[in-house]
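Residue numbering begins at 1 within each chain, and the chains themselves are lettered A, B, C and D in the order written.
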C-alpha cells in the first residue's frame, strides 16, 4: 500500500490566506498528508488551528522549533518528511534552516527570504544538506506555461527578441494596511516584508516567469519604483526595462495600485518567427501568433501538447484547471521526488521541475537590484 | 479535534476518469477522507487500485456488496459515513439502494440511474430512509452559476423570456468506441448507458443547469435527436426546443460531434431587463447585459457577489478556480451537511445547496421525453 | 478618366437609418456616385433630403415613379445606372419592378418583398430583363464569412454535420413601437413588414448566412415563434430546428427581445474534421477548431487567406473593418459588374459574389414556412 | 443645396497604402469631394493615378507646387479648399507650407515633419495664417477613445496614477526593406523617415493617444531603443518609462518586430478609483474596471455614452465600426469646421476635436527625446 508523504506546516493558522492555499494544493492529488504544524507564533492559536485541521493535539506545536525537535524524535515512518513554510518573509529563513539541518526537506513560500544575506546562506545550507527544496513560484506550475517553455526551448519561435511581463493588481489602491487588513499589513511593513513591497510580493513572480519561460537571464535593468498611496512604506508600483543575456529586450511591470485589476499576471514573448501570449486569469489558453500563418490556440488538456504540459494536467481539455491545480503541481512533483529518493529510484525530469533555491536567490537579487535602480540616477544596473 | 468525514467509493479504479475527479473533489477542502472502496467489479483490480490510493488491504473490497456489509460491522467512529458511486449508469441503482438501506448517505454520479423505473424507486428509498443524497451535477457548483441564480431569483432581470443552453463537445466525432476507448465504450452502449447517449451524458447537465439558474421548469419540448457517426448505437447530437412553466421559451443543444469543441457548456438567460451569459470554459466571469446601461462583468472571488457565490469560492478574485473546485463544492457541502446532522445542528441553507435525488429524477424524465420526442412526429411532448 | 457608376436612391430620407448606411457603403470605395433620389414618399421631404445630400434640385424627385421616368429621358452618360431601394418591405416590389422594366439595374434592401407573390414576380422580371439585381444581405460581405465559405467548399471541415446560427438583439424588449420610434414602428406593422417581424428582419439574415457559408440548403424546419411584448403584432422571437439537404442538422434563432444584446449575429458550423465560429460583432476573426490540432484564428487582411477573402478587404490585418466595409463590398462588386458589363468585359467570379434575387426568393420562402411552422402542430415543414 | 468640401491630395498614387485610406476616410460621410491631386512625384504616375480616381486630366498635376499654383487661379467656388498630404515624412513640410501660405487648409499625415526644425516652422506658419490644420493621429478618432477621455476628464477614475500604452506590430520582423517592399523601404530610410523608425511611425501614435486620453503631459522619459533586424538603419523596437506632469508613471512600448502581432495599439489607464482598457483591434469596447463594483463594458453606438462618443458614431451598437470610420471622423470634423468657418458660424467643440499642429510638434519632440534617451546613459530626459 502506498503511503502518503507526510508534511508539517509552519504558519498558515486561522485567518491566513496562503496557508490554506498550500494545504489545498498539497491535498489535491492524494500524495501528501498534513500530519503536524506550528501554525502560529502564538501557541494557543497554533493549537486551535490544528484542531480545526484535524491534527491530533500531540502534533500541534507551539513553535517551529518545537515542531522540528519533537518530530525528529518520532519513528521515521511516522514523522513528517518535509516542512512547508507559509509565513511572512521575515520568518522564512529560520525554520527553513532548522528544518534542513535536521534532515527535513522544505517547501517555502516566495520570496525566498527577508534579504540577500539570508538567501545566500539558505542556498549554502540546501547545497550542504543535499535535501530537496522547493519555492512556490506557483505560476510556473501551469501547464500552458510549461508548454510555452518547451516551444521556446525547441526553437519554435526562433531567437527571442522581446519579452513583456506584467503583474497588475489593484487591491492596494487604498491605504488598506491602516485598516488592519492582515494581508496588506505585513506586505507593506519593511520589518516583515524586507526592502520591497510589490516588487518582492509579485515582481519576483514576474521575473521568475519570464526567465522560466524564455530560458534567458536578465543581465541589466532600469527601474522606476513608486509609492503611490500616501503613508505607505514600501513600493506599490514599479516599471522596469530589461535586457537579457542573448540580447533580447523587455519590460517588467508589477503594480498593486492598478485599480480594478485582480491578479492579471501575463506575459508575451516574441522571437524571430512568432510570439506567445499567456494570461494567468485565463490560464488554459496559450496563444501563439506566427509571422506567416494563422495564430494558434494551445489548450490545457489536449493531446497535441508536449508531455511537459500534459503531465501537469488532471482532466481533459475544456474542464478548466486553475490556480490551485497549478500550485498543486509543485506539491505533487515535490512529493514524487521525495518518494523516488526514498525508494532509491530515478525520476523523469518532468517531475523534478519545480522552482529551486537558486530561483529564490535569483529573485532576491532581482529585488535588491530593482530597488537599487529605483533610487539610482544611473540608467542601467547589472543583475 | 475535528474528524474528517469518511467516504467509501464504488467504482473509479485504475484507468477510470471520473473516479479520480471525485477523489480530488473530495480531498480539496480537507473535509473528507477516503477510507475504503470497491473500485472495480474485478476484485483483483479493486485491490490494486486501493493499494495505489493508500487504502489498507482490509478495506479494499471486491464488490460494493461486500463493502457495505463489512463496513456496517465496523465501529461507528471508524466505518465509512457515505458512499460515493462513480460507476457507469447501469451500476448506480444497486449500490445506492443498498447503501441507503444500510444507513449510509450517498453521493452518486449523474444521470441518476439506468432508467426511469430505477430512478423513481431510488427517490422513494431516499425519502424513506431520510438519508442524505447528492447527485454530481457538478456545473451547478460554480460560484458564478450561483450568482446568476441569485440575481434571477431576486428579480434583477425581470420576468424570464428566453433561455439558450448549449453543451457542445467534439470528442465522439469519430467512431471512438470501436477502438476500445473506455470512456467512449460505455457511454455509447445501450446496455450500460441506457436509452440515451449524448442527451443522458451531457444533455442532462444542460437541462439541470437551465432549471437551476432560472428556477423555472421545462413543461414541453420538441427534439431532433441524431446519430451522426455510422455504427454508433446511441445519439451523439440533439437539439431541443423548450417551453417553460412561466411562458419562457428556449433551446437546448447537446452534442458530442461538434468537432473541435472541448467541453463548452454555456447558457444565456434573457429577462425583461437584461440578460446573463456564462461559459463553463471560462467559468469565473458572469456577463450581465442591460437594456439601458453598460454590461457588467461579475467575477469569482470579488466582494460584490452574493453570499451564495462567495461561500463557494476559496481564493481571491483573479486566482482562477475551475472544474475541480466546482465539483468540490458539492462534496464540501455534502460533508458539512453530514457533520451538521451528526452534531444535531441546523445549517445555513447556502450549504445544503447541492443537486438532489429529485433533480436526478427530473433529469431521467428529461432523457425519457427527449428521446421519445426525437422519435415522434408529434411536435410538442409534455415533460 | 474613370467615370463613377451613377446611383439613384428610393427611400432613405431624413431620419431614416438604413438609407444612410447604403450611401456610406456606396461612397466608401469611390466607385459610385449618388446622382438622384426619391428619398421620401412625401415630395417636400424628398427634396429637403436631396438638398442635404448635395443633389441638385432637378434630380430630387417626388416619387420613384417620377425618378425612373425622368432619368430615363436623360442622356445615357448622365442618367443613373442603377436604383438603390432602401424603403420598408412593402415598397420594395413596385420601384424594383419599374426600374428593371425601364432598364435600370437594382440593389434592394432585404427581405426581397412584402410577400411570396411579389418575390416570385420579381424573380421573373429580373430573369426576363437580364439586368443586375443585388439584395443587401450585407453580412455575407464580410471577408471572414467568405473565408469560411471557401474553407467549407474546399472540404477543410469534411462533410458538414451541424449548423448553429443565432441572431439575438434586444432593442425590441419594450413596446417601442408605441412610442413612435420609427425603426420599430414599421418593422412591427404587418401592413409594412409583411407576415413576419423578427424572422423577416433578421431571421432571413441568419438563414442566408447559414446557406451561404455552408453551401447547403435547408430542407425541413420546425419552429417555435413568439410574441413576447404585450400588444405587439408580429413575432419578436423565434427558434427553429433545421435539417439540411446533406443530412446535416441545425438550429436557427432570431430574437429582438434578448435584452442587452446589440446585434450579435453569429454562426458555428461543424464538420467531420473541425468546426468554424464567427461573430459579426468581432467580425475580423474566424476561429477554426480542429479535432487533433490547435485551434486557428484566421484574421481579416492577412496574406494567408483565400483570394475570396483578401479581395474584400481594404487595409492590412489589425486595422479593423466593420459593418460598413462589409456592406460596401456588395456595392463595390455590384459597381464592378455594371462597369464590366458596360465595357463588355468578363469579370472574375470573386466580384460577382453578391446576394441575388434567388437568395431573396429563398429568404421569403423561409419566412413563409417558418411562420407557418410556428402556427402548426405538425413537427416538420418542408422548405 | 449643400456643396461638398473640395479636397486636393499630395501623394497617395498607385501602390501607396495610406493615400487610399485617406480617400476612403474622406469619402465615407459624403462631406468631401476629391477634386484634384499631385499623386506622385513622377508626373506620369500622378496623371495615371488621377485617371484611376476619376479626376479630370486638367486637375491631375505633376507636382504639389503646380497643384497649389494652378488651383489658386481657379474660381473660389471651384478650387480645392484644403490639401491632404499623404507623402512620406520628408515631403510633409514643403507642401504644407506652400498650401498654407497660399490660403489652403491642410490635413497632414503623421508624424508632422521630417525633423524638429520643420515642425516648429510649420507651427508658426499655421499660427500666422490662421488656417485650419489637422494631423491624422487617426486613433483618437475612435468613439471609445473619446468616451475614455471624457470619463477621465470628469474624474470618474480619480487622479491618474499609471498609464501603459503599447503599439506592437510584427511586420518588420524580417529585413523586408531589402526586398523592395515600398511601405518598409521609406519607413526604415533615415533620408525619408527622419531620425526614428518605429518610434516615429507608431510610437508617436502611442504618445498622442496617452496624452489625449489622460489629458496629462509626459515630462520625463527613459528609453531603450533597439534595432533587431541586422542591416536595418532605424529603430524597430523601443520601450520607454514615462513620468507625467501630475506625478503619474507609465510605460510606452512601440515595436515592429513583435512577430505575429498585427496592429495591436492598446492602452490602460489607472486612477485611484478604477482603470480603463482599450484595444484598437477590437475598438468598440471600452472596459472599465472598478475597485468595488463589477467591471463595465462601454460599447460604441449605445445611448449611455457621452455625446463626445456618440457624435463620432454612425450606426447603432453591435454594428462594428473600425479603422476607416475613426479615420473618417477626423476628415468629417475637419470638413465641418471648414464649412462653419466659410459660413461664419461657430461650431460645437465636439467637432473641433482633431489633432492639431501642436500635437504634431509634441510628437516630434517626443521622437527627438526618445531617440536621444535611447543613446544616452542618463536615466531621465526631460520632454
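Quick notes on this structure:
In this section, a residue touches a chain if its C-beta (ideal position, glycine included) is under 8 Å from a C-beta of that chain, and two chains touch if they have at least 3 such contacts.
Remember, predicted model here, so these are calculated numbers, not experimental data.
Touch-path distance (fewest steps) from chain A to chain D is 1.
Shared contact partners of chain B and chain C, listed by label: A, D. Chain A and chain B have centres, each the mean of its CA atoms, that are 34 Å apart. Rounded to whole angstrom units, the spacing between the C-alpha centres of chain B and chain D is 55. Contacts with at least two other chains are made by residues 261, 288, 295, 299, 302 of chain B.
Here chain B touches chain D in the complex through residues 288, 292-299, 302-304, going by the rule given at the top.
Note for the complex: chain B touches chain A at residues 1-4, 17, 20-21, 23-24, 27-30, 34, 50-57, 169, 171, 261-264, 280-284, 299, 301-302, 314-325. Within the complex formed with chain C, the chain B residues making contact are 157-158, 161-162, 164, 166, 168, 170, 173-174, 222, 224, 226, 228, 237, 239, 241, 243, 249-251, 253, 255, 257-261, 268, 270-275, 288-291, 295, 376-380.
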